[in-house]
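Quick heads-up: structures coming right below.
The two complexes that follow have chain A in common; it is paired with chain B in the first and with chain C in the second.
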Partner chain A sequence: MSELIIKNGFVFDPLQGIKGDRMDIAVKDGKIVETSALSSPKTIDATGMTVMAGGVDIHSHVVGPKVNVGRLFRPEDKLFKSPHKSPTCNRMEMGFSVPSTFKTGYDYARMGYVFVNEAAMPPLHSPHVHEEIRDTPIIDNAAMPVFGNNWFTLEYLKNNEIENNAAYTAWLLRATRGFGLKVVNPGGSEAWGWGLNCANIHDPVPYFDITPAEIVKGLIETNEFLGLPHSVHLHCNNLGNPGNYVDTLESLKLAEGYAPKNDFGREQVLHLTHLQFHSYGGDSWGNFESRTKDVMDYVNAHDNITVDMGQVTLDETTTMTADGPFEHHLCSLNHLKWANVDVELETAAGVVPYIYSPKVKVCTIQWAVGLEIGLYAKDPMRTFITTDHPNAGPFTRYPQVITWLMSRAARDETMKTFKWLERTIDATSIDSIDRELGLYEIAQMTRAGPAKALGISNTYGGLAPGMDADIAVYALNPEDMPSDPAMIEKAFSRCAWLIKDGVVTVRDGEVVEEPAKRTVWVDVKVPENAQVQRDIYEHFLRHYSVKLDNYSLFEEHLHNPRVIEVDTTQ
Partner chain B sequence: MPKKIENVGCPYCGVCCDDLVVTVSDDGKQILEVENACAIGNQIFHHATGSERVKLPRLRQPDGTYKDISYDEAVDYAAKVLYNAKKPLIYGFGSTNCEGMAAAAKVAETAGAVLDNCASICHGSSFLAIFDNGYPSCTLGETKNRADVIVYWGANPAHAHPRHMSRYSIFPRGFFTGKGHKSRKIVVIDPRHTDTAQVADIHLQVKQGHDYELFDAFRAVVRGHEIPEEVAGIKRERILEVVEIMKKARFGTIFYGMGLCHSDGRNHNVDIAISLTRDLNDYTKWTIMAMRGHYNITGPGAVWSWQYGFPYCLDLTKKDIAHMNPGETSSVDLAMRDEVDAFINIGTDAGAHFPIEAVKHLRKHPWITIDPNICMASEISDLHIPVGIVGVEVPGIVYRMDNVPIQYRKVIDPPEGVISDEELFERIHKRLSELEAEEAAKGPAKAAPEGVRAEE
Partner chain C sequence: MKTVTLTLTNPSELFIEGQNITPDNFAGRKAAEIAALDVWEGKQKSPLGKYFTVEGDGGATAEETKIVLRGDCTRVKRIGQQMTAGEIVIEGNADMYIGGWMKGGKIHVKGNVDSFCGIGMEGGELIVDGNAAHHLGSSPRGEWRGMQGGVIRVAGNAGNDTATFINGGTIVIGGDADIHISTHGEGGTVIVKGNAKGRVGGQMVKGDIYVYGTIENPLPGFSMVDEVEQEVDGETARFAHYIGDLGERHPTSKGKTVYANLYTKL
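Right after this comes the complex of A and B.
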């Protein structure tokens, strides 16, 4: 197969500690190799450019039922907002905040991303998720089934049966071809089955009589019992409400005393996602304020936690989450259309359009809260860039988020557009932070860090020989960074080159090739467990509306799999 | 020994029963017995092997008869029709799998066609309401496990969705509904005394075409307002009684059908039904669901939403951007205005369902029918291409009325040589791409890509 050498670029690879050295990166047969292993490679001249591993997104809603509801019920998201088809791409690209699968793949590739972790897969809908993965070009996908409101999980954890819960978890990962344990508003989404919620992490779930705190701790124990690549991935209780930083701190503290146990280089036991939505003070929208400092002080002091930002981008977007009660609450605030999908025995999702306006005080405070997370981070290997796509903004705004983090001037420029600038400054610390992140830190927050937290840093997120040849080259010279922050944004929006699996995929910001994409999933071997088998049989016999044999994904609906094996029987 | 195949999905209605047991003869060629299916589903299976099937594509001859041709010839004919047409329409899809829908979309995009499905003449008005007002819904298992109040409004599942009531709504015992029928209140709202109304605790015989007013009265009462003595033919006390039941429910589901979508008010009826559901969620838990007709008519809405962002009425004629505007880009309207110059009817019967004027206009141009069976459309077509029956001879994913994907199996092989919808469209796409490439080679080279697309 083909050989390739990327010559003379400034290489940023935090997994190897390479900080902008001028180096050549060699590619052979889809893998990165030593330069000496090449015989007659094609050369890409990266002189004066930045070279990083392909980007890794730890949390993004890109495929599956609620994403598709967002597409279906918002024709306005396409109108005047879709580009014309690129002559170099196979398919049309439609939509803005919830792009079509094709646009999703192309846009991630243009930004230099190669791996995207779908943040929430309702297990019952896994065939739908995998159909959309098939139609998302170029990028490798994984998808995390949701566990935090699953009846099996609630019953096992209530009885403190970690081993049984682990056996069920392994079964469900295989049935759905899933990647890891997602937890959304633990207990609260089950309560939403009755139109209720869990007010805090000690508020018991109706009927099941277990608290959100017990669910999270039980799932952390399950996850480490199994030794999965990724940790528990938590969207904690009380999202989006003034004063919720208290609940967030309590949720973070649940990880205390737990240490990671895995063979994948992962060092955290809990990933708390879209922290921006969980770092609010005040007790009403009137005195709404940032409490990022309190939350990030805790995160910075505890190595067994990772977080991602969930940065508000000040766009009109579409919120969607398996936090059913929250979406109902949101539609009572903005009175826009509301879709809801309660999924039997498993979860409950909602979808509501939302406009983050620079003219609305709460929105501009949210914007500041998100950036404070990135700017207060002591360890960028544990703090990742996301927009909780599309909840706080579309993923296509990552280049803008990077620019805000890298440039005080860019932040000031944006703040000038705020109607309630003074009040935003009063309610946050954003104006007092001068920190500007560098390219190395951006590489940590967008590829090395997320790859490590996902437990896939032996394959993705770095440039060491033996890893996948996924390489992004950006037209940015670290020795001569542009004074205009808009140029940084431009460079990250359209990479100069993207090599995916050793194939030149993007060139000058255009997709020129569509190499086969993969579905990454985790196959856990556990000892036979007769009780769990019987419980599964019983629930399907009596309570599910589909037959057990039709629930597990058929092999023919899994597309180009890459399986990560975990064996707990040894 | 005959072989029993279990957990088979049924290719009839949107209930998507997946508990059928089909017995197949020793040689795998005959379907002997179908268990658990309703009478209609049963018939679909038996029809597959118990009747004479069309096994080759048939092309209309100048004398009006059909002549058998090969699949290659049929693919070539279809590709040339699409290639030469200015505005072809590809319509149907209620009865095929999602793989076929995805392949057809690829053809439509390359050909620059209008792509539409049966929702256009069915639950399209639901889509319009959903665009405006959302869709607070749930999966059918939620209703089974939790619901203590069920409302059927303008729907008659006893006939249209025979096992809906027994599998999901009225009769089953679920996790929190262990007493089954005994623990549920059933309300049916319909101008006719249907067989579904027979099993209801309360039947409100709404005046035909006055559903919107009745919804309005419901909403007024939910919000604590006065209403007149009688609304839409229903006495005030009855309305108050039903609203009280709905407000006191632990969990309720409104199932609605064509009675709302296709009576006066149409999308507005659905819109206010959604608003009522929203209102009720201020008190307790309520959900709403469209009684989608065919087993996979929910499918194209899902597949094309992830591919283009629109569920139906997709105008892909510009080839580089999709556009949806029901009324302008909907099949019947296009046909009535005679804007379409080629027509592919797939997995449905436009010959039977479209207004005769629309059929007459479409009939002026090449008409291709893709369907396993002989139907009205196949009998007036220029070309009829037979395909395998999804769920019987072809496996694949279908979407139940609640958007849950169900993986269908095949129980027998299709008649020898007969291919699937997916394979057929893939072959048409390949041939179409060849035609385009030949044309491109003849004419001036297409403009080369210019690098970064101007500042989008």
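Right after this comes the complex of A and C.
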């Protein structure tokens, strides 16, 4: 019987509407309980500190083959940037933008995070994803297989066979021990196999003759047909190009008319990820500008959509995405090294290093676009903090992103370093925004909101009795916030305490314990579907490089599972 | 200038990682404090004094500190790594990474050095009286930002992959160079006074290479454009002038395409 009481902190729990009240949080056997349920607890004094649920990251690339390609082809990302082994941790840590699995787990824990959703799992390589999940300490992980360029999906949706597509989707979630439906550049990554791309959401995919718009709508229908915890998670077409806000608005409008159907408290039918990369105006790099206002006006007015930021952190980082054609395009812009891979019937991927420099106008405009998303958000429960790690910057910069959102002075300080400050101000609205977010809003954007959008808010992202005892305590006094924004960043970088599953995991910013981590996946029961079984058999016989028997994840690859069950047969 | 003399009296069984042997680290330290600095033999950390006897104190700054290494340093790596000023004299041979990521000051090796010497160099001078092995003045693995500045002079021969991704600075090789010179180069100068084996200037965008002797297997991506007279390393000579690598992208400057230049002595 392990009991713990976190006494007298300022508690921020948006899932319960608690806004900085001084409260005690009680823990018993890994769960949050009523304080009356404790007999002789160990006490943590949180007087003058901020108490939140453990952080939940809705979109981050931390495990799997393309992350590992990034690690392998960027030894310079580790050179002189890797700390010697921390005396309190079990394993060595290394890497900056693509950290080792060990450093990933430790650094998330140090920031007070407990759950990270791997944003893109190539289904064929799911064993690699799960092996790295096992090797990433402390944090619970889920991983989303990619569907937007999958031959099965394209064929079923082309014929408008939602029920068959749903049966295939359920099969693939089980085969990969996946969590939800990720869609990357729908149709475009398949077109990349032909050396092409989909120019807009109505540009049909070669051979399959289905448009990105039809793929997205079909997947939303599939997702709601199954009633999955999370919604369709979309990296929409035309990422990173001037003028792409038009495509983004068109993609967002695809969700119109759909309502969420699920038992998990999720209220959106579409999550549009790393919105920063999709909110650009202009028609060239010369007149590149922010159109965040247009996009966020739409997001604010539509309750069935959630978004995350994809904030540019102005670092040297490593871009990696299943958007194969985009990475080729990026390499032709910066002439750095490029890795490219085709994943058979499923997806593609590319990796290119990138330097977001405060001396480059496009980069500083991108920085402003990202922050405008957070600052224009009317509902922080639907707008989440991410850096699309490591694409716009490493996740270890979340504390800095939080600080920029909370402090106009911090933004001004950063803007002083811009070479093209005037042009950045002209091309964006960042200088006209005085809004400073508070701790409650930060709690919405970093734990309560993402947990709700992922459909896991009964377990993660809050502090109600019965939930996992994942609690982060930050050395920040909401009644006496530091005037120096650097102190906010410091507090969020290294939490005073992290309790994970009731275990004191981080103390004074150092990892002191490595409690068991979990793999969270979604098991969907669907009626027997002979046609889909036959289609799977046929495609494996004719087109895959592996046999069907060797494709599904073997049990030994799955580490400490937490299964979320969905039954569509009832 | 104060001189610290390190004499290798108790040679290591494995190789020593000696990145602490720099004027920057010795400056402001007494002999006994220098002897207490860390070096690694394999994964074991030991004080420098376990292997070397230390005589003399460091100067007030790196600039005022000279280090002399005596004894057989064939198994000592990373001497002068990341140094910014001051002087190092190695009386015999030394191992890998000598003068790696050097920013300033001077290193003089009287014997031979192994691979990766002067990699990622930004400034200063690295003089080797004997031969250098591979990756001389090259970029560190994976890194596309190679040598930025400074001078490397090797009196003898150099191995493979000299000056990969060179961006600036000068490398002079008195003898022959093996394959791969200035691969992916975008600036800087490499002078080979002997012969070059082959793959000279592959994927080179910008920068200069001089070969006084022969190139056994020249690349087809270089095309001869004219003959020129030039002063190179203090002497004037006539060269055949090639541009390339024509298979690579090239920037434009003032309306003209910029190529890498390869000169072979006539």
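Please note the rule applied: the second predicted complex is superposed on the first by the 570 of 570 C-alpha atoms of A that agree within 3 Å, B and C clash if a C-alpha of one lies under 4 Å from a C-alpha of the other, contacts with A are read in each partner's own complex, and residues count from 1 in each chain.
Keep this in mind: contacts are C-beta pairs under 8 Å (C-beta built on N, C-alpha and C of every residue); 3 or more make two chains touch, one makes a residue touch a chain.
What you see is a predicted model, and the numbers here were worked out from it, not measured in a lab.
Residue contacts after overlaying the shared chain place A:570 against neither chain B nor chain C. In the superposition on chain A, A:337 makes contact with both chain B and chain C.
When chain B and chain C are set side by side, the one touching more residues of chain A is B.
In the superposed model, A:71 makes contact with chain B only, not with chain C. By the document's definition of touching, neither partner reaches A:432: not chain B, not chain C. Put simply, chain A uses residues 73-75, 77, 336-337 to touch chain B in one complex and chain C in the other. Against chain A, in their complex, chain B makes its touches with residues 6-7, 9, 18-19, 98, 102, 106, 109, 127, 130-142, 144-146, 167-168, 173-176, 250-251, 278, 281-285, 287, 301-303, 305-311, 316, 319-322, 324, 395, 397, 399, 403-407, 446-447, 449, 451-453, 456. The touching residues of chain A, counted against chain B in their complex, run 63, 65, 67-69, 71-75, 77-78, 82-88, 91-92, 94-95, 98-102, 124-125, 127-128, 131-132, 135, 151, 192-195, 207, 328, 331-332, 336-345, 348, 351-352, 494, 508-510, 512, 542-547, 549-550, 553-554, 556-557.
Residues 140-144, 249 of chain C are the ones that touch chain A when the two sit in their complex.
The residues of chain A lying in touch with chain C in their complex are 73-77, 79, 335-337.
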